[in-house]
Amino acid sequence: MKKITVLSLILMLAMTAFVGCGGGSGADEDTVRIGVFEPASGDNGAGGKQEVLGIQYANSVQPTVEIDGKEYKVELVIVDNESDNSKAVTAAESLVSQDVSIVLGSYGSGVSIAAADTFAKAGMPAVGVSCTNPQVTADCDVYFRICFLDPFQGTVLANYAYENGMRKAYCLSKLGDDYSVGLVNYFVEAFKELGGEVVEEQFPDKNSDFTSYVANAKKAGCDVFFSPVSTEAAALIIDQAEAQSLGMPILAGDTWDSNVITGAAKGKNVEIVVTTFYQEGGNPEFDEGIKAWFDENPEAVTNNGGNTDLAAVTALGYDAYFVALEAFKAAGSTDPADILKVLPTLEVTGLVCGDVSFNETGDANKSEAFVKKCNTEDGTWEFIKKQTAN
Amino acid sequence: MEIKLKNKTKAALSTIAIALFLILIYAADNGMFSGSSWRMFITVIEKGAIFALVAASMNLLNGFTGLFSLGQAGFMLMGAYSYAIFTIPAASHDTVYQYFDGGIIKWSIVEILENKMGIAGHYLGIFLPMIFAGLLVAGVAYLIAIPVLRLKSDYLAIATLGFAEILRAFFQWNTLGPVTNGSNVLRKYTTYESAIFPVIIAGICIAIIFLLINSTYGRAFKAIRDDEIAAEAMGINLFKHKSMSFVISSFFAGISGALLAMFQTTISATPFTTQMTYEILLIVVIGGIGSISGSVIGAFLFTASAEWWLRGLDSGRWLGISSGIMRPGFRKVVFAILIMMIVLFYARGIMGDKEFSWDRFVNWWRSRPGAIKAWPDKLKANSEARKKARTAKAVAKAKAKEDKADSEKKKSSGIPLFTPLPMSDEVIIFDKEGN
Amino acid sequence: MNLFNTWLPYILAGIAVGGQYALIAIGYTMVYGILRLINFAHGDIFMWSGLIMVYLITVLPLWLSVIVVVVFAILLGTTIERVAYRPLRSAPRMSIMISAIGVSYLLQNFALYITGGLTKTYPAIRFLQKTVAIGSATTKMVTIITPFLTILLVFLLVMLIKHTKIGMAMRAVSRDFETSSLMGIDINRVITVTFVIGCALAAIGSVLYFSNYTGINPMSGAMPGLKAFVAAVFGGIGSVPGAVLGAFVIGIAENIIKGTGWTTFSDAFTFVLLIIILMIKPTGLFGEKDIDKV
């Protein structure tokens, strides 16, 4: 009995591998596949889903692409990298094995860094959407990205803080998180150069008690609380900041530009300032289009966190999709190797977050960030200014 | 009818099987098969081999020595780091340790040996740090063993789990950044090129574990597992053997950590959580506690299902079935339910405490579901046999207990233990469940 | 005075989180006392109580939701005991522990599926989340309420254990499992009651804990669960007052550690404490001698 159960179970499973997944290789001739490498669970699950939404919306706007005179249907292959560096490798491998032509993602730099070698080994071009850590593209020939980098973002934030009279910063990052640790590092560097003073601390993962960190910032007499951490932790920090009357502005990076933050901050006495890629209203056509799309897709609204407020990463995801389409057109082929050849010289205009072209490391030539402030009365973002480097 | 094969035949079969397996991997790895599923196959083989090794090492401890330790992920973490730190090429130090001015170790063993010995040095350069990783972990395990092994079962489990968590925090500590790169990933270190490498290394290590278990030491381990007091009475040095098992198990966990580092090409401390230890433990359980070949089979099945076969469950289409309930996360639910079913209904796992043998395989093959006619009888016979075994076990248990009580009485009354004790034939068994 | 003012926020936070750990720790210590099983799934029952609350509040009024959450936790706990632990009771101790780990794995993954991996925000219970000022520190109302509520519940529980028939049965079973079953005590009933009490307290703990730290994700139960277990060991496993004391010590110590800048090791510290205790006094502060029945 046992033998048969086990045997049949194994056989059944093994069948799926070659039948189910193998079906991928036998897909329609006229389909081109785009791999979406994003977290749907774990710390960055919320952000990853919003980024995927942008890609899905773009796909609904432009479901086909003409490559070398032939019309192709674009199919998205989405895998969950679980915000986990060790799961990222196999997730990336499963994309490669499903014959995608290009990979988009990920939200969160750690997983992209972890997967970079897998993509490099397979010669698979990858376009980072919102991974801002410089290490993603450094020393990797196949990884490109369409967002700005942390050294830039850190400098912008430090400048903003210093210009607004803040002299002592409390910097909180998450232990083992490339993104927050990296950004804090660049912020500290820039802030110290300007003459500021910093207190740096890190919290362990799975931590949900931020009472003491908020108390530490108050005790140290800081002027600004800088914590560019994941939105999960962010909501808890905002909550504690309110409970203990933090009394200083909270400064953060692109991850905080999310409706999770505005939702958490709504009705609370906190001041939140972030730098980001896109400001709602920057491209009315896109805003209206995606809102209409949200109306038709209740599931998309759920993935967006229950409302239709736009996150910057959604706009970036939308851009990434069109960058991929342009790459197909320029290459005139769906072969990853051909696409890889044209990417370094690719220039894409007409995107919602600004034109994209890549420098020699594969990073986008972008030099402006949007500074936004959270309006805690109605839970929306208020545009402060556009900040360029220096 | 049971078939018994000759030793020569068995050896030949083993050689052929291993050779075929290696050739298959080599061919798939070098793209000799068309079809992209083969890429996934290779990935699963690599990861499966690595987890087979760590599962076997955990089995040595939990299944053969009866020490319930949950520190495996911590030891793997340490092995992974100590391998990676020493093999990052000098030129990459500045990018890897970008926040720590290039770190304090500015060289790579691989490069040093490569310059001296060429290509042989390259492989030696991978091999030595890997062994070093194992030794370092074994050393730390020895230090931990002194206090921890005094504890019994669940206390030991929770203490080792605690050590693993402490290790994780330690490796992420910013102050150690110039060596461990703090919270940031280590990358760019030298890795293996061919999938054959982890398979062979893991294979050799598992073979060593296997040989160890069948040696005098292995028998001592099993004696400790079955009855500590009896083992001690037989002259087995408890602490020596327990710490030996702990250290050896950690050594192989360290090696598998190093292999995992090579497989992933980047390493950070975050994923080495208790969750990872639990997964390794579940592999051991699926394969059968007390069976090394079971652990190996379990590791490949676990990896293949989790990373490959069941992935379709997350994307809404699996085995041709499409359903709304198949959204991200469904794979893990199904997987967890499967595991619970194994734990509850097939507690012995796939192999029980038996090892793979060609005899069993051949006989199993002959008795495969093909011969369905003989089924009902066979089932009945099986259940009868099981019932008998259970009763016999209960009787033996009760007897052992009484013996122990008796011997204790003897001990306290000063009568030497060696005088044969009168055995009572009537044993009353209390059914714990019944009232 | 100044020093006191500086440390007040940390101590307040420590007492609050300590009280919440205590409510979880009781479940661990009682189950361990009777079954000699580390119920690894207990932290996940705690997490699920919080998660269910998120969904319930959208359809039910607050007071009813709290009651349903407690009932749910009790049902979940007793079902787990019945399905996953009872069949293995005569099996080796390792099997039942593995089963507990398996249940924990299942509960976490199921939560992951239900929530889609996103952190859920705990419903605002205005009364508990009101900001209050104590001396130099401002904090949430829940911080003040937790220790008092915890001590009240523990007092009731101790009364129950000391002065009722079922309490006596529980003490008997935890002292000697087999003998007490011979004496005619219905073991299964005692175990069920143990799980009922443990899970109910964990559910109440979840209301307090998540009102204070408002994000719930599938892993939210893991760390508090482990820490509560350490608290139970610290106090001497099987001893309810010991577990409570241990929980407060761990809660306060953890926050002071964070306050002194050793934030990296705030979780690791708990385990260091555990190992030190196991080395020096394996039976904990109030543990009985020779608790190991092997």
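Order as written gives the chain letters A, B and C; numbering starts at 1 within each chain.
Everything below uses one rule, namely that a contact is a pair of C-beta atoms (placed from the backbone, for glycine too) under 8 Å apart; a residue touches a chain by one contact, two chains touch by 3 or more.
Note that the coordinates shown come from a computational prediction; the quantities given were computed from them, not determined experimentally.
*Asks:* Look at the interfaces A-C and B-C and say which one is made up of more C-beta pairs in contact.
*Replies:* B-C
*Asks:* Please name the chain that ends up farthest from chain B once chain centres are defined by their CA atoms averaged.
*Replies:* A
*Asks:* For chain A and chain C, let me know how many angstrom lie between their CA-based centres, rounded off.
*Replies:* 36
*Asks:* At what distance in angstrom does the C-alpha mean of chain C lie from that of chain B?
*Replies:* Chain B and chain C have C-alpha centres separated by 31 Å.
*Asks:* Please set out, as single numbers or ranges, the residues of chain B touching at least two other chains.
*Replies:* In chain B, 169, 172, 174, 328-329 touch at least two other chains.
*Asks:* Hunt down the residues of chain A that sit against at least two other chains at once, touch-wise.
*Replies:* 40-41, 80, 175, 202, 204
*Asks:* Counting only residues that touch at least 2 other chains, which ones in chain C make the list?
*Replies:* 112, 116-117, 222, 264, 267-268
*Asks:* If we count contacts the way the header does, which residues on chain A are in touch with chain B in the complex?
*Replies:* So the residues of chain A in touch with chain B come to 1-4, 6-7, 10, 12-22, 24-25, 40-41, 77-80, 84-87, 89-90, 93-94, 96-99, 110, 113-114, 116-118, 122, 134-135, 138-139, 173-178, 181-182, 185, 200, 202, 204-205.
*Asks:* Please name which positions on chain C make contact with chain A in the complex.
*Replies:* Touching chain A from chain C are residues 6, 9-10, 13, 17, 112, 116-119, 121, 129, 131, 137-140, 212-215, 217, 219-220, 222-223, 255, 258-259, 261, 263-264, 266-268.
*Asks:* Name, in rising order, each residue of chain C that touches chain B in their complex.
*Replies:* Counting only chain C, the residues touching chain B are 32, 36-38, 83-84, 87-91, 93-95, 97-99, 101-106, 109-110, 112-113, 116-117, 178, 181-182, 186-187, 222, 226, 229-230, 233, 264-265, 267-268, 270-272, 274-275, 278-279, 282, 292, 294.
*Asks:* What does chain A use to touch chain C in their complex?
*Replies:* So the residues of chain A touching chain C come out as 39-42, 45-46, 49, 80, 82, 175, 201-204, 206-213, 215-216, 218-219, 231-233, 235-236, 239, 242-245, 260, 263-264, 302-303, 305.
*Asks:* Using the touch definition up top, name the residues of chain B that touch chain A in the complex.
*Replies:* 35-41, 43, 47, 92, 95, 98-99, 169, 172, 174, 182-185, 187-188, 260, 263-271, 276, 301, 304-305, 307-312, 314-315, 317-320, 328-329, 346, 350, 364, 368-369, 379, 382
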